[in-house]
Amino acid sequence: MIILRPKVRFKVPIEAECISPDVFSDKSMDEIRKLEILYGNKRKPLGELFEIEEGQGDGETIKMEGDMSRVKHVGAQMSKGRIEIEGDIGMHLGREMSGGEILVRGNAGDWLGAEMKGGLITVHGRVGNLAGAGYRGSKVGMKGGTIIVNGDAGREVGELMRRGVIAVTGSLGEFTGALMTGGTIVCFGKLGGRAGAGMERGTILSFDRPSFLPTFKRSCVYRPTFVPLLLNSLRKYGLPIKREYLEGSYERYDGDIASLGRGEILVWVGS
Amino acid sequence: MRLLLNTGRTVDQGVSMERGKTSSEYFEKVAVAFIHPDDMKELGIDEGDAVRIETDFGSTVLKCVKGGTEKGTIFVPMGPWANVLTGPNTEGSGMPSLKGLTAEISGTKEKVTTLDDILRMLGG
Amino acid sequence: MGEVYKNVVCPFCGCLCDDLEVVVENGKVVSTKNACPISKTKFLDHSKDRAKPQVRKDGKLIEVSMEEAINKAAQILKESEFPLIYGLSSTESDAQRLAVELAEFIGGSIDSTASTCHGPTIVAAQGCGAVKCTLGEVKNRADLVIFWGCNPAEAHIRHSVRYSVTPQGMYVRGKKERFIVHVDVRETRTSRMADMFVKVEPGKDYELLSALRAVIKGYEVGDVAGVPAEMIKQLAERMKGCRFGIIFFGMGLTMSSGKHMNIDAALRLVRDLNDHTKFTITPMRGHFNVAGAGEVLTWITGYPFAVNFSRGYPNYNPGEFSAVDLLFRGECDAALILASDPVAHFPIGASQHLAKIPTVVIDPKVSLTSLIAEVVIPCAIAGIESEGTAYRMDGVPLRLRKVVDSPYPTDREILEGILRRMKGC
Amino acid sequence: MLIKNGLVYDPLNGIEGEKMDIFVKDGKIVESGDGGETIDASGFVVLPGGVDIHSHVVGSKVNLGRLMRPEDHRKDPVPKTEITRSGVGYTVPTTYITGYRYALMGYTTVMEAAVPPLGARHAHEELNDIPMVDKGAFILMGSNHFVMKYVAEGDLEKLKNFVGWLLKATKGYAIKLVNPGGVENWKWGRNVNSLDDKVENYGVTPREIVRSLAKVNEELGLPHSIHVHCNNLGSPGNSSTLIETVGSIGAEMGGPGSGESTNETLKGTAERIHITHIQFNSYGGEDWATISSAAEEVAKTLNKKKNATCDLGQVIFDDATTMTADGPWQHKLYKLTGNKWYNSDVEMEVGAGIVPYTFKPKSLVNAVQWMIGLEVALLVEDPWRVVLTTDHPNGGPFYHYPKVIAWLMSKKAREETLGKIHKSALSRSTLPSIEREYSLYEMAIVTRAGPAKLLGLKNKGHLGVGADADIAIYEFKENDIEGSFSRAKYVIKDGEVVVKDGRIVKEHWGRTFLVNPKGELMDEMKEEFSKYYTVSLDNYPVQPEYLPRCEVVPCR
């Protein structure tokens, strides 16, 4: 395990996609210290800004401690290993990752897991806007993997999502799952307004009754067979899954009929 | 009383801006809040009275102008006074919250906030 | 009798009216013809309230030589680790090109006033495209004109006369052959020109646009956003049934709740309508050359605003590299403000950071930003005292004219000066 | 400067792989020289700089293409260097990167193929930001109000006046037609489907527009022919439209309206027509399921009609951004793909559409498209009438030209790709059975000498005395043709080394080519202009400030 701690309070943003198990895995401590990152517009060696030491444990684990709210792109495109973050972390954490695991005990910035293809991100804290979303201009956002947020999340979470699962225990901002073409978003807290705006396909599961766009049509109350399966598979992440959720009925809203309209918002209506 | 705040352009704001942003005309045309007559009645204020407006982001005193907006909403022309009330968080969009803000409004005996006051708030 | 300049392009708003007549006597504009009240004031008062070269010393702005101000600006940018260049919209395209070059050279971020204006429009268009046309198409063909969340009667004063409501076009002869709709949260002077006013609940434009899309696809919806179902249906029928329709939209859509998603819905609505008839959409751009800022940035960097050069190549991300965000998060450590006045228009929570960091302002006039600046560099007024290119709201480029001499160098010359000094040392 | 001992291919001067020395002075090729820099080109192939006859590199539609595709740019960021500026590449490169990438593969002249007159100022602004190459702009006229009006009236004199004036006002180089008439109909949401469909409100047909402009083109003595993007582009079975279009030119004189006066002024000048991105118009079959190659038939037509030339619009299997003034076609493509769609109509003149697209080898249609381009190139006997293009960025980005060169020069290279494409495509084209392989000499024709000649650029595309010293030097490896032409060993532009060992070593600023034909705006045109345009006539022509470096190419 490699442990990183900021040496100073960062005044300007840091771009540090080299902080990734894929990059660290075949490097010596010395080589790791020399990896280049961007401090504002200056290229600097990682070791100049971070205290780096070797700790006990798995070789493919990176641990970061401290206030890293200005450190961006950590774990970008990672495919393996594990990053543990104790503290706040900046934007683009785990963007386009395809495998491995990221755990945050603190808040995470915008574009968490944007366009990710696989792997797991768990955040115990607040998550910014556009988690699991697509970057501007992209046709597709998250294509696979899992994002678990034990806390609140911002706007446009899961925008343009095609596959994978996002589960949030707290409240979500507006436009959750906007323009999504597949995948599943589970909201245990308060689902913000305009959820599923423009969605073509995919599922938003809510245990709170949201306000619906006028372009979602109530279709039925039923017990979708996949819901217990999905919830059971999410149990291991310590989510607040009640027994009633597994056995309950769900009210189904089809939408967004302004768009293709083959998506659904399922609202738990009790057992 | 709680009203919905919008900000935006007006001809007067545009013309007076071209006159000069430190001009008294700019102050006259921009340090104002357009309020619906019904809401004015409820607030117990007349045209020309000072009103204090407060949002989640800040608070300022403006001169009331009658009409030019719907009941339940107030309109403040784009400018430094509106800026005290608007929200800088763009929520990942680049666009701050400049329209559709919730504002608390009340009549006041205070003087209308001056440009100098605002510059002081800026720390400039 | 002074010198008369005909067909001058107006450097105020995105309409870029190019039929102004400007009379100059003794180096001053003495009268204008065809200009709207704002334009007229801009021309007549061009010499008033001018900025002076200043540098802040011991907390006070002190008048200095141009040379000293430009040197100081270069020094500030050179020492910065994460500078921001912002504005660009009230100058011509050569100056904008140099601003991009400077941003690239210093590895900074560059953003135009679009980010707090039609940035959401661009973001939405990047998602789904847009069906647009030049303003002459509207004049010649449009029999249905919808103004949505905009107020041209106050913000784009001659728009309705030159392009959209009253002009005699090739196939549509004047207002009587056009149906004008105004959709807004309040009745304004623009509503008075309209044949139909649709009052939408504040912050509910997205719902109304979505509902229209659904109705056009053949679905039924109820009352939406405070608009009765019957009216929505009527509007949808008009849209489908016109020969050539256009939506002009403004900050009532881009700034209100929903932001770029409102535009996304509007663009898709118009796209859908092209299955039935010809339908187009065009944003009402504010500053006279904010469209040009987007064009120039795009042809040099690939991206229209919110661009960062820290990596030595352009990176784009509104919300990350847009000015309000960089300031609100307190990330940039120096700023160069060009051809705009953020302190007059940004939420104070963003401007406060500008007052904290060394800020360089290039502006012909005393602006609010110049009052909190570290360095003030006065410049010629583009389109009155210097020429260059500006792009109309529909992308049509026109050449701005110089009608009087300026006591100050042009934006282009100042930026060249800063670049030269930076490259020199 | 002396370029020593290179193997020179200079088809315009009939030189085929001779070991020669080339002398350069003051930006020109000269008879002999003394001193200066010497480049040892032993073992290298020396060619004139490449000439791209049809590419979309600047202007309002290209920039909309850039604007709408941040997801595309992210894949190909280009950092600044000590010498060069930064930007992005991929399907719609920024202006600087466009210039650099052309230069890196040895191209030194590029024509922007579609400029709306009202956007000409914009196009020139961008052209001034493209370093390294010389350039020019084709002006869109096929759906112009005045053009259609005078064609309808049969008044070729007025048409000639207008066209001549428009080329001067826009600082353009050639007459471009895109889906003639169809773009006007698109302004009402419709199209034309044949050469004899009527344009609404004007009553003219595409056939009349093409023929009239072809005549006017020759009467004005313009250096290039009319440059035509045919009707029905992109539709299965559209080869008949193409063949008819080619057939309508030069077959008989006269035509709509005042045939006689035309005949007189023609003075025996043969009308020419250049069919651009011919691949997109050489489809057989009846629908997408039955689409096949009509290249054989098309080539047969071209082999017969000596006044017709073409460029390929070759498809590359990669991402592309389709962009054309053919608005109705782009709408159709949007409906087919569901991809994002930009449309931009320009008052009185033209329109444009943009749709991202990916050509996939396993798509039957794409595979057939890929085969057609090469098939035409290999079946047209005379290489002087074929030009290599990809209709950048429609068929694919221009920097893939070396791939196309490899396919043309090597059957093996073609077979490799044939092995990867949709199997059903193989029987729908004769490509698999074609043995022909281009020689280096022929390759030099279709990438340099030919396009220069077709453009009427007398100082381009060859290495004879008096030519511009635009020279590309390659290390040619038979087993790596693509690699050989991707990164030039040296590129010399106007007598200066700008590329060395595949790197830009100097930023150079080329010039813009213009024409100066006869033609003045008449009073009635002025009146009509002020009635229907939204800009003043005074502000319409592109001012000289936009052409800091230009060269007028004389009319014939």
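Note that the chains are named A, B, C and D in the order they appear, and that numbering of residues resets to 1 at the start of each chain.
The rule is short, and it goes like this: contacts are C-beta pairs under 8 Å (C-beta built on N, C-alpha and C of every residue); 3 or more make two chains touch, one makes a residue touch a chain.
Not measured: the values here are computed from a predicted model.
Undergrad: More C-beta pairs touching across which pair, A-C or A-B?
TA: Higher C-beta contact count between the two pairs: A-C.
Undergrad: Please identify the chain lying most centrally, where each chain is represented by the average of its Cα atoms.
TA: C
Undergrad: Centre-to-centre on C-alpha atoms, which chain is most distant from chain B?
TA: Measuring from the centre of chain B, the most distant chain centre belongs to D.
Undergrad: Rounded to the nearest whole Å, what is the centre-to-centre distance of chain B and chain D, using the mean of the C-alpha atoms as each centre?
TA: That pair's centroid distance is 56 Å.
Undergrad: When the C-alpha atoms of chain A and chain C are each averaged to a single point, how far apart are the two points in Å?
TA: 35
Undergrad: Please tell me the distance, in whole Å, between the geometric centres of chain A and chain B computed from their C-alpha atoms.
TA: So the centre of chain A lies 39 Å away from the centre of chain B.
Undergrad: Using the average of all C-alpha atoms in each chain as its centre, how far is it in Å between chain A and chain D?
TA: Chain centroid spacing, chain A to chain D, equals 46 Å.
Undergrad: Tell me, which residues of chain B touch at least two other chains?
TA: In chain B, residues 91-93 touch at least two other chains, as defined above.
Undergrad: Two-or-more-chain contact residues of chain D, please, as numbers and ranges.
TA: 68-71, 340
Undergrad: Residues of chain C that touch two or more other chains: which are they?
TA: Touching at least two other chains: 123, 126-127, 257, 309, 311, 316, 318-320.
Undergrad: Pairwise, which chains touch?
TA: After working through each pair, the chains in contact turn out to be A-B, A-C, A-D, B-C, C-D.
Undergrad: Quick one: in the complex, what on chain C touches chain D?
TA: 6-7, 9, 18-19, 93, 97, 101, 104, 122, 125-137, 139-141, 162-163, 168-171, 243-244, 271, 274, 277-278, 280, 294-295, 298-304, 309, 311-316, 387, 389, 391, 395-399
Undergrad: Would you mind writing out the residues of chain C in touch with chain A in their complex?
TA: 80-83, 106-108, 123, 126-127, 206-207, 209-211, 213-214, 217, 219, 221-222, 224, 257-258, 261, 264-265, 268, 309-311, 316-320, 331-333
Undergrad: Note which residues of chain B are touching chain C in the complex, please.
TA: These residues of chain B touch chain C: 4, 6, 8-11, 14-15, 17-23, 57-58, 68-70, 73, 75, 78-80, 83-84, 86-100, 115, 118-119, 121-124.
Undergrad: What does chain D use to touch chain C in their complex?
TA: Touch residues, chain D against chain C: 58, 60, 63, 66-71, 73, 77-80, 85-88, 92, 94-96, 118-119, 121-122, 125-126, 129, 145, 186-189, 201, 331, 334, 340-348, 351, 354-355, 531-536, 538-539, 543, 545.
Undergrad: Can you check the complex and tell me which residues of chain A touch chain C?
TA: Contacts found on chain A: 11-13, 15, 38-42, 70, 91, 110-111, 129-130, 135-137, 156, 174-175, 178-179, 194, 197-198, 213-215, 217, 256-259.
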